[in-house]
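Both complexes below contain subunit A, partnered by subunit B and then by subunit C.
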Partner chain A sequence: MLEVQGLKHYFTDEQGRTVKALDGIDMHVDDGDYVAVIGESGSGKSTLARHFNALLQPTEGRVLVDGMDTAAEENLWAIRSRVGMVFQNPDNQIVAAIVEEDVAFGPENLGVPQPELGRRVREALAAVGMTAYAQQGPYLLSGGQKQRVAIAGILAMAGRCIVLDEPTAMLDPRGRREVLATVKKLNEEQGITIVYITHDMSEALAAKHVYALEKGKVALAGTPEEVFSETDELERLGLEAPPAGRLAAKLRKAGIKINGNIIRDEELAEALWP
Partner chain B sequence: MAITLEQIHYTYSPGTPFARVALQGVTLTIEKGDFVALIGHTGSGKSTLIQQMGGLLQPSEGKASVDGIDLSRKEKEIKAARGKIGIVFQYPEHQLFAETAYEDIAFGPRNLGRSPEETDRAVRRAMAQVGLDFDTFAQRSPFRLSGGQMRRLAIAGVLAMEPAYLILDEPSAGLDPRSRRLFFEQIVKSHKQQGMAIILVTHNMDEAARYAQRLLVINEGKLLYDAPPREIFAKYQKELEEVGLAVPAAARLAAVLRARGVPVPADIITEAELEKFLLTWVKKRGKK
Partner chain C sequence: MLSDITLGQYFPGTSVLHRLDPRSKILATLCFIVIIFIAKSSASYILLCAFAICCALLSRVPLKLIYKGVKPVFIIACLTALIHIFSTKGGEVLFSYGIVTVTALGVEMGAKMALRLLLLLLFSSLLTYTTSPIVLTDGIEALLRPFKSVGVPAHELAMMMTIALRFIPTLLEETDRIMKAQTARGADFAGGSILTRLKSLLPILVPLFVSSFRRADELATAMEARCYRGGEGRTRLHELAYGTLDGGCLAVMLLLTAAMAALRWLS
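Let's turn to the complex of A and B:
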């Protein structure tokens, strides 16, 4: 689905100095993969995300979406209808006055005719559990519901990959649960590829692969088990393991023997009381 | 000395088709030196409530006062009361405006009529409080700082006015784990050293459990619970989920362990507490 080869992205700040936002990233995201990207503020996460649907272009290296180079202008529409983005602030991404019109906005722009358009909107709203709100004004929705509408907009464009940049940072616990559950369901049931940027390590646990960035480079990559068992390295990166992993590490340091890679609550329970 | 709210009701756009009831009879007192966390789902009335505390909104019914000064009095009379309350809104870094960090922080104390010497002292102290080195950052443009630094600078601007009550609305949203931890270490220090009352509005239950001495839960414009976090998180797990909230991660983990048969007490709500319990428990079990 996504192929990142030697990606560098430099820009010049107002002092005329070169800032290396991305400094040589290689990454491979399979069709149907679920990838979490973590890293300190300023490590390059959002810059990376914006390359996936050609909002930004590489200074060096290449980004391919289903084999299409994001640097080639003729690929732009095909790429943007395949890869959609959901941002942090739910209020900044809704354009229409009625939920179903908002979801229809993307495919309509792509020239999708009726009745196909109506069918896509209905299916997209059903997939995110927002059918009951189709006729409502978005201003009546909670933050979590708005994020789900934004996701539905991508599905209605027949998107196959959703890139979410800290989608729950502004949400209450229920909103977080809703967004996470929706993303997980779309990945499992429809094989939608997910790239999920987060500061919340518990949310990153839902992914199949985790990339930790540091100063525009990949510092750690692997399954959640592999990445989150590197507790010292995570600490150095300004990150942390999820709660169960942190506790397991502390207990080990205190001399208690705990076997296996512990990152989830159930795994810690299993290790302590087999 | 306290912020006192008595039977506060508030309706937005009253008498119009858009009328929306935000608060329905909230009574509470925030004492000097309190560290309070305020939780509730989006739209539960949290933001309206803190605006009432800060005198930014007049109640439709009821009475709000700060250190005995009624906030419904004339603008001039409540100016002193308002000066006691500092509010840091969400994403305060969007409100930075000055050429240098120093000027941005100095704006508040100057506006309160402080002398240049007092202002200088206040700026230096506020920068130290948020962990921004004076020599490194004072003359920098606020817009050349990292996200976490900008957030701290904006908070320094409020601290420089030396409020007796500091209201923080989602201060750690969007910060990475390290910035989050550093930020709270500094807030806890200000709280302890200066006895500043802290009112922390948050969606993060872990922060509420770890830092607050008292937890306010608001739902549909009413105060649902007002008790120590330990009591609320231990007793009302189901109720909290029903109103769109949750228990802290450590309490969830404790519940999983308990279901497995590990005898974790119900009142464990932070990671440090859980760690301490497990260490003693594992060692004790080893001896048997």
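Let's turn to the complex of A and C:
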């Protein structure tokens, strides 16, 4: 689905210095994969996200979406209809004054005719569980609901991949759970490829693969088990292992014997009371 | 305070007027405004008033609300009437004192002018009472579309209006938040002369403007990410369609225009 080869992205800041936001990234995301990208603020994860649907073009290297190069102008709309973006601020990505119309915004831009258009909007709203709000104004929705509407907008474009750029950073715990559950469900039931950018390690646990970025480079990559067991390396990157992993490490230090590689709450419970 | 904001003065409902296509309503309003100026005889004014009252009743909008909509022009209507009463000369003299003379013709002209203004406003406020701003925008876009070839940016105007409507509640909420933040730091918005009050608005407007620009930038990125590239080749979820009601509306407006023309030029 997504193929990143030696991606570099440089830009010039206000003082005229060259900033290396991305400095040689290699990444591979399969169809139906669920990838989490973690990293400190300024590690380049948002910049990376904007490369996946050609909002940014590489300074060097290549980004391929289903084999299409994001640097080629003629691929632009095909790429953007395939890879959708959900941004951090739920308010600033809703265009229309009615939920249903907002979900239709993407497919309208693609020129999808009726009745196909209406069907897509209904199915997309159903997939994120927002059917009951179709006729409402977005200002009446909670943050989590707004993010689900944004996800529905991508589904309605028949997108196969959703890139979420810290979608829960401005949400309350309930909105956070709603968004995570929706993303998981779409990945499992519809095989939608997910790229989830976050600085919250517990959110990255749901992923199949995790990439940890540091100063525009991939510092760690692998399954959540592999990445989160590197506690020292994570700390060096300014990140910390999920709570269960940290607790397990402390317990081990205190002399309690815990077997296996613990990163999730259930695993710790299982290890303590088998 | 902010949860019950209504946009414009739309009064939701399912009356005949509510169900009319927005294009029909806009055109009918324009047509009505034109024929108001054909009216000359008292009979034609009575006809117009009767028509306007029928429409107001058909809309099922509470009369109190309609009154509220018309109220702002009462003063202007009264002033217009007074100017006409004192400046028009002719007909029987009703009252005379020094240089001030009030004639029958003057009174008649004054009354008609005031009536024209009131009818104008009544009819256009019926349009906004029975049409939601979103639908109204669609209607305006559809009506302006034929003029695209002569450079009228129909789609762009409609998109701007839609986004403005969408962000009004968001910005109101933000204003509220900024005001609270400033109040918490000791700002006083209520007291003082008009000048001090205007000055105290500055700490609200500056952050509001800054954040609006940031929002606009983010929204533009999000729109681009969703394949927005202008009005070319776009389809619509709710395509406007004329129905039998709109045929009826057309017939009524034609009849009214014919009747007004007959009253003006045949009698």
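Observations, loosely collected:
Quick note on the criterion: the second predicted complex is superposed on the first by the 274 of 274 C-alpha atoms of A that agree within 3 Å, B and C clash if a C-alpha of one lies under 4 Å from a C-alpha of the other, contacts with A are read in each partner's own complex, and residues count from 1 in each chain.
In this section, a contact is a pair of C-beta atoms (placed from the backbone, for glycine too) under 8 Å apart; a residue touches a chain by one contact, two chains touch by 3 or more.
All values reported here derive from a predicted model rather than from experimental measurement.
Judged by the touch definition given at the top, the superposed model places A:166 against subunit B, while subunit C stays out of reach.
Once the two complexes are overlaid on the shared chain, A:111 sits against subunit C while remaining clear of subunit B. Using the contact criterion defined above for the overlaid structures, shared-chain residue A:268 touches subunit B, although it does not reach subunit C.
Every residue of subunit B that touches subunit A in the complex is listed here, in rising order: 40-43, 90, 144, 146-148, 170, 173-180, 203, 205, 244-246, 249-250, 252-253, 256-257, 259-262, 271, 274-275, 278-279, 282-283.
Those residues of subunit A that touch subunit B in the complex are listed here as 13-15, 39-42, 88, 142-143, 166, 169-177, 199, 201-202, 238-240, 242-244, 246-247, 250-251, 254, 256, 265-266, 268-270, 272-273.
Those residues of subunit A whose C-beta lies close enough to touch subunit C in the complex are 53, 55, 77, 80-81, 84-85, 87, 89, 91-98, 100-101, 104-114, 117-118, 121, 137-139, 153-154, 157.
By the touch criterion given at the top, residues 7, 133-134, 162-163, 165-166, 169-170, 173, 214-215, 218-219, 221-229, 233-239 of subunit C touch subunit A in their complex.
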